[in-house]
Amino acid sequence: MQTDNLKQLLESVRSGETSPDDALVRLRDLPYENLGFAQLDHHRALRNGFPEVIYCTGKTTAQILTIAERLAERSHKVLATRVTPEVAAALLSHVPQAVYHDVARIVVVPGVQAPDEQSLRGEVLVVSAGTADIPVAEEAAVTAEEMGSPVGRLYDVGVAGIHRLLDQRARLFDASVLVVVAGMEGALASVVGGLVSRPVLAVPTSVGYGASFQGLAALLAMLNTCASGVSVFNIDNGFGAGYMAHLINTV
Amino acid sequence: MQTDNLKQLLESVRSGETSPDDALVRLRDLPYENLGFAQLDHHRALRNGFPEVIYCTGKTTAQILTIAERLAERSHKVLATRVTPEVAAALLSHVPQAVYHDVARIVVVPGVQAPDEQSLRGEVLVVSAGTADIPVAEEAAVTAEEMGSPVGRLYDVGVAGIHRLLDQRARLFDASVLVVVAGMEGALASVVGGLVSRPVLAVPTSVGYGASFQGLAALLAMLNTCASGVSVFNIDNGFGAGYMAHLINTV
Amino acid sequence: MQTDNLKQLLESVRSGETSPDDALVRLRDLPYENLGFAQLDHHRALRNGFPEVIYCTGKTTAQILTIAERLAERSHKVLATRVTPEVAAALLSHVPQAVYHDVARIVVVPGVQAPDEQSLRGEVLVVSAGTADIPVAEEAAVTAEEMGSPVGRLYDVGVAGIHRLLDQRARLFDASVLVVVAGMEGALASVVGGLVSRPVLAVPTSVGYGASFQGLAALLAMLNTCASGVSVFNIDNGFGAGYMAHLINTV
Amino acid sequence: MQTDNLKQLLESVRSGETSPDDALVRLRDLPYENLGFAQLDHHRALRNGFPEVIYCTGKTTAQILTIAERLAERSHKVLATRVTPEVAAALLSHVPQAVYHDVARIVVVPGVQAPDEQSLRGEVLVVSAGTADIPVAEEAAVTAEEMGSPVGRLYDVGVAGIHRLLDQRARLFDASVLVVVAGMEGALASVVGGLVSRPVLAVPTSVGYGASFQGLAALLAMLNTCASGVSVFNIDNGFGAGYMAHLINTV
Amino acid sequence: MQTDNLKQLLESVRSGETSPDDALVRLRDLPYENLGFAQLDHHRALRNGFPEVIYCTGKTTAQILTIAERLAERSHKVLATRVTPEVAAALLSHVPQAVYHDVARIVVVPGVQAPDEQSLRGEVLVVSAGTADIPVAEEAAVTAEEMGSPVGRLYDVGVAGIHRLLDQRARLFDASVLVVVAGMEGALASVVGGLVSRPVLAVPTSVGYGASFQGLAALLAMLNTCASGVSVFNIDNGFGAGYMAHLINTV
Amino acid sequence: MQTDNLKQLLESVRSGETSPDDALVRLRDLPYENLGFAQLDHHRALRNGFPEVIYCTGKTTAQILTIAERLAERSHKVLATRVTPEVAAALLSHVPQAVYHDVARIVVVPGVQAPDEQSLRGEVLVVSAGTADIPVAEEAAVTAEEMGSPVGRLYDVGVAGIHRLLDQRARLFDASVLVVVAGMEGALASVVGGLVSRPVLAVPTSVGYGASFQGLAALLAMLNTCASGVSVFNIDNGFGAGYMAHLINTV
Amino acid sequence: MQTDNLKQLLESVRSGETSPDDALVRLRDLPYENLGFAQLDHHRALRNGFPEVIYCTGKTTAQILTIAERLAERSHKVLATRVTPEVAAALLSHVPQAVYHDVARIVVVPGVQAPDEQSLRGEVLVVSAGTADIPVAEEAAVTAEEMGSPVGRLYDVGVAGIHRLLDQRARLFDASVLVVVAGMEGALASVVGGLVSRPVLAVPTSVGYGASFQGLAALLAMLNTCASGVSVFNIDNGFGAGYMAHLINTV
Amino acid sequence: MQTDNLKQLLESVRSGETSPDDALVRLRDLPYENLGFAQLDHHRALRNGFPEVIYCTGKTTAQILTIAERLAERSHKVLATRVTPEVAAALLSHVPQAVYHDVARIVVVPGVQAPDEQSLRGEVLVVSAGTADIPVAEEAAVTAEEMGSPVGRLYDVGVAGIHRLLDQRARLFDASVLVVVAGMEGALASVVGGLVSRPVLAVPTSVGYGASFQGLAALLAMLNTCASGVSVFNIDNGFGAGYMAHLINTV
């Protein structure tokens, strides 16, 4: 609650329009709903126009269905991430309008209200180093798309054959934000970061074996990039990068 | 070199305006200068209007002085980061117009040409958790300022006394990009990330002791943030976050 | 065996009331029972009024059943933790009065004797950051309850939406001890620790992905908390925190 | 600000006793002082009767002197921890009533007001495994003492000669809270935890060599203790354990 | 081949008793048998009287059967370690005289020849901290027994209830070598090492959860023991400790 | 594209032989094929005569089949590594001329064209420490063989019975490059490196338990070898070493 | 205190020979001396005939001098380890009969009483891989010597030139216990362990650079040795290995 | 000693030309010199024509001088690596013909005999990512040069400005072996590995800060390279790569 609203409320208490008890209620009015196992923040979409997101890992199917149902009743749009095929099947039969992006492991429940008009900078370009990185890249791409950004995809352009990347320089230069998804040594983030002058969001993946230590090698490499304008997300966190890409892409 | 420029060059070769040899020279014209120990990229400022940056760690004073001199001759502006007081003294006596920001450990050599007009979104707000994080916070703040962004500072508002932060919510909401600098457990990034709907750039610092493992604790915490819209930089990398903040702040 | 008891025994040896051989037996009288694969400490409940606890991981079902049976014969109350559904079924059919708390993964065998009257300070409040942290939170809550403390629960109030937590400040202030259970970046422990002036027991969970490294990120964050009055338990060790909470809660 | 106070304020706004603007001021009234590099929380002592604490590592001497001076003007008592001899000398010449505990590396500025009467449970007993652990043990002991708890000390009773510890069982049993400080393998925490039925606060130290990895070995050992009723602090964090010990020791 | 044997061979070459070609053969005479996938060292038992050992992990069942068969044909005795129930069944049907110790996961094929008389110091005592450590403890115990040492067992005497251990001091003092098997914090090795003056062989186990990191906590604790006379083996390496215990136990 | 070709192209543009648009096409002419999920580099075999390689981990069976088919249509030879039996079956039924090396987990599709004549130095010798290391050793051996090198194999000659290795010194000395594959402590690489004066390529394997940490122990050991002439590959990366061995083996 | 002694004491209480109070004193009679900062165990030498050891790291010079003085008054012999030249000078001027072994960093104060006759198995052989490992090797050698074992030394026989080691096989075979000291990859322990059939005590050293991580590489290698009969000590812990070697060497 | 030589010796024993005692001497004739603290391998240069190398870290100046002197008396050439300026001064005054390469930290003592003619493939090209990597790059370059290879240098061509590297493709293609030296994220090794078809030797450096963890980030990145034909050396081990580069460069 911001200062202006607070002052209005106090004025209305002085004027007698609002009783102290009512004001207390309003000050305490929960912008979220308590399900016991979850506190749903219905206010968030209202605050910033973005969809509500359910991170499914560690939640029971029953919990996910309940949360999705409650959110769908009130919110513009719902995204569920890390949805297994089993949970996706349950969601789709439970919430008929839901759509499953299987490679991205995302279920989207379309909102009934139009989102606020957002002024966008341009295209978010999602770049992946290898074929095995595509699920994480798609998680980023679908997230940014569902938030409202146009999204381009450029997959399997890792540095082992750098001409594949260099030939696409025009697409790299044209993007307003770039998401670079790479496992193994994660070098693609540095190379892209050195080519463009727009923000690069680097997502290490757990693709690799042995001394990749489930993505640690790529994570450390990206954090230590010699290129400027590169920031880093958790291993396999395509959602986080897609979300941030859209934030940056809105003027 | 982008497609359009390349096509123009080829047209001018066909028209005879440019000879193949000259075209070859132009295609090969090195946009950098070879000092043996360093390849200076004079083209970069021309490409994107940003200052050249010298990361001083691991370079000898003689190397730093030579690089600074060559860059200052051609470029708009030079930033040297991680400048020790000794190197700063040498730089200031060598390049008279240079200025030393001692807390930020940055030396700036002002450029002779005005940078391109940049359309900016608003203010970059640099937030630090503790007093000991200020050198890293200042590195971020001075970097963003020297690149052209207005910068606000909000220091020592760590989560142990969260009302200090909450009372400044208006300033947090007003920023177009936020840099959050925190050591120890790095929780400030998540809390700020949960409050605002603009991009948050999180910089872990090596402040802390014992099981902070020189900033590893804060780094991992920031990578695992439960808030959306937070990306992460290397430990103590204030420069990286300040640079990225300005990139995002330019429309 | 404490000094007073030892002196009484020696006095009774001098007086002839107790023979040296009997004294030797009593000094050697094992307060535990040797099952070969386990040494059961029947004396513990007698010493401190607390239930006996069987940590089931790594024990065979047969071993667990035998231990539970022997303890149930003599002790006030038995707690078995980390009980899989299969082992729970075996326990419930073997020890009919046993009760299974499935979310907490705890089986309780109620004691036949009333525990000593314990003077309690107030309520233990168990707070969880997310829905996926609830199994660990419940392990803490059930443990403290079964030891005799009243327990409150406040779940899914992580820092990404900090107003959910701040609205519950009254409950936080009223608790005599707080258990904070959080995965990912574990920031909730610091925020709660900064709000209250009673002991906070922080339990990192393995909830998270990638660079959470199975709870390491939250563990390090909690150890490095900038708040005072926070101590830390092993990853997912809800039992440990619930036990300690009750210890602190007894005057 | 708790609910009761908030309601009183709103009542007084309705009655006209307080104007909305004044209420706004009071709601915004900062309980801390902004020094630019630090936000001093003068309200804290008022809130909970505990001393203010300055953690000196990473702060300049000038910053420490300014903070100490401002706090000493208003607060009951000031503790500065991790004070080097140089900073201690500066503090003692700057704040004449200050006292330096050199082994504990703590400077205390005595408060002018008596603290609230605190009802205490008993004695805090600080136990150290070796002679080299004493600085950390003293940091814990002095902290708890300055907060108001009586403190006992039992040093150099590591498990390599366990009869030294067992002979002191009476002292262990009599304590209301125990702080166990140990480096190397940190086994003392488990042994003490297995002997007593009061809370044990375990502090790993960086004492050891090679594979102690600056205290990591003792930290992990304490987190994995097989004893119940043991919680853990950061490596070398004697202050944290002393503070928590006093919290637990107040009824 | 030792100097004496070498000289005899050379003498026999000079005398013409042995031809250079034969000598070459004998110098090259392989004391092992090449199966392609394995080089069996038939000479080892001959050299030191100890059984041959097959470490089964990573070998196919076919490979294990072949190796066991070849060794059984020539050697005194064969030990196979880390034998799964499936492989054990195959071995027992293939080599009828084989015996399976299921808790220890060891199959023994008894030798046809009597081992050399070994002069032994006394009893090897295998001590375990918990019930879940017993498989590793049994691996050590069975190994030492099969090599020829008398072995005592003392299980579930971890430090959380230290009187269980102290009551067995006589058995500890009487052993000639002690193997201490413990997971979690591994403190038992230090406590036993502080009590006895005979060699203690410490085996960390992967028993524990969270920050035990699959036995790392116990391993580091044992390496950093404050007791003298304690050496350490790989995590869960009961075989190694049992083997070494017998080596030390032979005069 | 090298300078000479570029100049020829520009000359042909001036002469009118090539239109600027055609030149643009040729400059952009992709030497690879875009399948959406993969960018196939058909030019590579043409560039260096080596087979194309499909690293199967993380790719779907459908993706692997498509890639193999496309490559087989154009290339000399295709190698697929880390092929599970299921994928191998699919490949063999899809591409009839394919051959499965099951221990090495490699499928080879023979090329229709003869490779360029390569001048070779001699034999690549693949040495393994244990039986369990053979799958990785075979991956190296089959890779080098399929690239064109003669390959020798020397398995199960680990340092625990060093005479098995020393007896084969002649074979070690005769090799032109050696691949040493070892898990556990990886000492074999140092011992071989100390014996020979040709390049040694060391491959740590994940064979081992406990503190081998899935091959980390062997990896660190090999990186720290005291022998000169030893370089290191990722854990279990037999393919990488076999490929490099052939590169070195070609004059 | 063992059972026999306890029974005698109880008998003497019954007979009136000893009063209960005296018995209590005797049961509590401290076999150590409390210096406040240290609890000296004067009983230890009496118990096992071994010298008292002062580990100097982390102790002040004043503490070391006091401890050495008190121990020297009562004990057979004192060893101080990790003695810096400054502390050694102080010790030698304070305790005139003390002797400084500077490479081993050990000060010995000779005892006034003859140690018990110890029956020894043979020679302890200390083997080092490199010249830089000698300080740790000497710590082991001097420790074993001062405890009473004859000690041989074999230095700089690392595996990079394995014939240097193999030529000394006779000395290796003759030793009753071997201490192997090695940094870098630590392979020497495995090679020696594979050659001999007596116990090998492996000490990793912090010698090495980069990925040796201060001895971690050698430590992990030694823990993962493929040879049987090898146990491991903390990094640089020559004292521990020398002590254990003598324990094993006494029959 | 190879088979042929051994057979000749045996023949000469049979013929009486060599007595058994003489043969024994020759078989035992040490190809190295025992200095107590070092075993000098004079035979090595004879065996393979390479210089002797003294790794100075951890050796005393006196030890280094003695070793250098003894080697210089007999060997072709001596290389001392990791030579501090102080040790270099001592070496140069002690061995007048010695030469100090200060950036590479190498002292060379020229040999008196000409090395064997070596047939070389071509040029070794040493490539560095940044200016701060030059000392390690020079260690590689000087080592390969002193062993006999022609060496090219290409410094400061890191991937942040990839056109600096691509413009030098001709030099990259022309090299017979490439050494790539890079700190931070180490991406240069992958990019170079993807461009060339000759062996690439990757050396991670400790250049970087924060999460580079002293070179760990670059090391892991290089081990996980997606390019084929890249092998890896220890952090900062320029010597190792230079040595290997020459081995590969000799036909």
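Order of writing sets the labels: A, B, C, D, E, F, G and H. Residues in every chain begin at 1.
As a working rule, a contact is a pair of C-beta atoms (placed from the backbone, for glycine too) under 8 Å apart; a residue touches a chain by one contact, two chains touch by 3 or more.
Because the structure is predicted, anything quoted here is derived from the model rather than measured.
J.: Just tell me the minimum hop count from chain A to chain E, counting one hop per pair of touching chains.
T.: Shortest path length, in steps: 2.
J.: Provide the labels of all chains in contact with chain B and in contact with chain C.
T.: A, D
J.: Specify the angle of rotation obtained when superposing chain B on chain H by their C-alpha atoms, rounded to a multiple of 5 degrees.
T.: In degrees, rounded to 5: 90.
J.: On a CA-centroid basis, which chain has its centre farthest from chain D's?
T.: Farthest by centroid: F.
J.: Between B-H, A-B or B-C, which shows the same interface as E-G, counting it as a repeat when over half of the contact pairs match?
T.: The E-G interface is reproduced by A-B.
J.: If you take the mean of the Cα atoms for each chain, which one ends up farthest from chain C?
T.: For chain C, the chain whose C-alpha mean is farthest off is H.
J.: Write down the chain pair with more C-beta contact pairs when A-D is set against G-H.
T.: Top pair by contacting C-beta pairs is G-H.
J.: Copies chain A, chain F: same or different interface, half of numbers shared as the threshold?
T.: different
J.: Centroid from C-alpha atoms only, then distance chain D to chain E, rounded to Å. What do you get?
T.: Inter-chain centre distance comes to 49 Å.
J.: Using Cα averages as centroids, what's the distance between chain B and chain E in whole Å?
T.: That pair's centroid distance is 59 Å.
J.: So the centre of each chain is just the mean of its C-alpha atoms; given that, what is the distance between chain A and chain C in Å?
T.: Centre separation, chain A to chain C: 38 Å.
J.: For chain H, give me the residues that contact two or more of the other chains.
T.: In chain H, 3, 28, 130, 161, 210-212, 216, 219, 223-224, 228, 234-235 touch at least two other chains.
J.: Touching pairs of chains, all of them, please.
T.: A-B, A-C, A-D, A-F, A-H, B-C, B-D, B-F, B-H, C-D, C-E, C-G, D-E, D-G, E-F, E-G, E-H, F-G, F-H, G-H
J.: Which of the residues in chain D end up touching chain G in this complex?
T.: Residues of chain D touching chain G: 130-134, 155-157, 161, 163-164, 167, 207, 209-212.
J.: In their complex, what parts of chain B are in touch with chain F?
T.: 3, 6-7, 10-11, 13-14, 16, 19-20, 23-24, 27-28
J.: Over in the complex, which chain B residues touch chain C? Could you list them?
T.: 129-130, 158-162, 166, 184-187, 190-191, 193-195, 208, 210-213, 216-218, 220-228
J.: Using the touch rule from the top, collect the residues of chain H that touch chain F in their complex.
T.: 2-3, 47-48, 50, 53, 121, 169-170, 173, 197-199, 201, 219, 223-224, 228-235, 240-241, 243-244, 247-248, 251
J.: Quick check on the complex: what are the chain E residues that touch chain F?
T.: Touch list, chain E to chain F: 28, 30-32, 36-39, 41, 44, 57-59, 63, 204, 206, 214-216, 219, 234-237.
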